[in-house]
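Both complexes below contain chain A, partnered by chain B and then by chain C.
Right, the complex of A and B next:
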């Protein structure tokens, strides 16, 4: 249903996407993660048919996405820069979405508006930032489009509302399975509902895998500096830290570590621990060299 | 149950978009009423002349529908610019450049017809109003032309002029959205080109080939041959729509 092949997008002299390739065929709840400027929003806008790729191809439902009406009626995009008709009330916007998205569930939209205490007669332009985000998420979910793109849907929301909304996304996905891509920086909260992860870094897909695979992609090894040193020399280290004079911890790829096939006595002195999704993301995408320590101690 | 994939035609969506735009731009009709009320106020105060002796004096008011036409044109220009300027919002509903363009043009045409009808009715209304309010009133020559053919001709004229102004404003708005900062540079260069081109043409080929704003206005407003006038309008409106379509075609949204 979504197929990106060597997708590149330039804005003047800035390259937002740089040979991004991936494929999604079946309904999935996938988290699209990446640092600011990684190209997540650009990717979503290309998939929604808003932007034309500079090179490569983006196909949605088997057709090129750019300005394609068959794509537009089956893709719904939620992002912070969404604009609505000036002075339109929430009720009017719900009706508009209902007219255009033929799968739209008006009963669900009204129910969620009531649950989140959003007055239907209020104008969208008068909502607070968090309330506007909640409303946008409600109408995009209620649209029940086969492809739902949520770009930072929880921006400006308080933690209670965020928790509820993740639950709503999950329940709605279970009820009507479809492709839902969520880009968010709240990784810790999001990982409870996701099935797959798509990590974009430097405009490219760095990793596209099941959540469990992503969670076990890196491993932390803790032990004496003597025990750690030979591993550090052989493998790519994503993070190295000293915990006092006798303990050092490094973060490496689990698969590469397993391939080392250490002897029992070597492995026995090392303590291996898993890495949280958020930490994995940080280690995989952090800048190499010129860290904050160097900045303060130079 | 999986989400259902829909495949509606562009035209179905464009017509739905037209209705949606009319609904959300209903304020436009209120602005038209306000501007035309302002027009009425000025229409019966266009001019005044008076004379008299020590025993007798009189004052004659001159009523004209020109202020009404002027304000309706202003309204149409604003609507054209507004439709072109608010380009990104429809794409978050179901849209592509063709449906957005088609529905904009349809809405502009509905606005032009509304403006044409209100202008047609305004002449009679203005006539009644000034007759009731004032004793001595001189009416603009067009007021004396009554009859079905005259009314149809007044309606068609008003509607086509409004359509032309609306299309011009829409084209300007689309070109501005397309070229962003470079748009103003383009306008500056175009004006410079027109001025120097005209001066050069007048120098090289004689004064008849020099064009001024006045000659451009005369080209549209002082054409007495009905069919020629209609052709001029149709070609101009068609050209403006063509330019605006070329402007919106392949335009990216929120780039």
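Right, the complex of A and C next:
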């Protein structure tokens, strides 16, 4: 249903996407993650047909996405910079979404507006940032589009509302399974509702996997410097830290570590621990060399 | 919604939780176990993740599928879970205990004595 082949997008001298390829063929709740500027928003805008790729191809429901009415009716994009008519009330916006999206569930939209205490007669432009985010998410989900793209849907929301919204997203997905992609910086908060992860880095897909594969991609090894050193020399190390004398911890790829096939007496002295999704993300995307420590020590 | 925590993959946490439900007798042999969607609701997790947790128990023989009816706790479920925990969990805990004993310079004899005392005192076993 979504096929991206070597997508590249340049804005003037800046390359936002740089050979981005992936496919999604079945309903899924997928987290799209990446540092600021990694290309997530550009990717979403290309999938929604708003932007034309500089090169490569984005096919949605089998058709090229750019300015394609068939794609537009089946893809809904929620992002913070969406603009609506200046005086439009929430009720009017609900109606206009209802006219455009064939599967729009108006009853659901009204129910959610009531639950989140959003008065239909208010103007969208008068809402606070968090309320505007909540409203956009409501009409986006109610559109029930086969491909739903949520770009930072929780921006400006307080933690209580965010928690509610993750539950709403999950329940809505279970009710009507479809492709829902969520780009968010609140990784730790929403990881449990996700099935898959798509990590975008430097305009490319760095990792596209099931949640648990992402979670076990890296492993932390702790032990005496003597025990750690030979491993550190053989493998790519994402982070190395000394915990006082006698204990050193390194973060490496789990698969690479397993391939070393250490003997029982070598492996037995190491303590291996898993790494949270959020930390995995940080290790995988951090800038190479230098680092904040070095900045402050020079 | 129950809160999950820790760095272990969610489906493993779900499998663990289900095993605990079986160990504590909340779900018995030949009873229907929580469905994928029920688990999804209890923990607020993706149904695909919940299914991976259930499938892990199927692989271990703790749970079996009845066509069209869902998943049920197998007759040997308790035995299998206990066996597994004895093998892995106890090994890990004993390793930590021995490590700590070494650091504290507690002799082997002292450690064994302490374990014997604790077992007599507690009296209760699983």
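Things to note:
Please note the rule applied: the second predicted complex is superposed on the first by the 298 of 298 C-alpha atoms of A that agree within 3 Å, B and C clash if a C-alpha of one lies under 4 Å from a C-alpha of the other, contacts with A are read in each partner's own complex, and residues count from 1 in each chain.
Criterion: a residue touches a chain if its C-beta (ideal position, glycine included) is under 8 Å from a C-beta of that chain, and two chains touch if they have at least 3 such contacts.
Computed from a predicted structure; not experimentally measured.
Touch criterion met: A:99 reaches chain B, while chain C stays clear of it.
In the superposition on chain A, contact is made by A:174 with chain C only, not with chain B. Counting residues of chain A touched by each partner, chain B versus chain C, the larger count belongs to B. Shared-chain residue A:157: touches no atom of chain B or chain C. Touch criterion met: A:166 reaches chain C, while chain B stays clear of it.
Using the contact criterion defined above for the overlaid structures, shared-chain residue A:194 touches chain C, although it does not reach chain B. Of the two partner chains placed by the overlay, only chain C lies in contact with A:216; chain B stays clear of it.
Annotation: chain A has no residue touching chain B in one complex and chain C in the other.
Chain A makes touch with chain C in their complex at residues 28-29, 166-167, 170, 174, 191-195, 210-212, 215-216, 273-276. By the touch rule above, chain C contacts chain A in their complex via residues 1, 4, 6-12, 37, 40, 43-49, 52. For chain B in complex with chain A, the residues that touch the partner chain are 1-10, 13, 16, 19-20, 23-25, 27, 86, 88-89, 91-99, 250, 252-255.
On chain A, the positions that touch chain B within their shared complex are 11, 27, 45, 48-52, 61, 67-70, 72-74, 77, 81-85, 87-88, 92, 96-97, 99-103, 144-146, 175-178.
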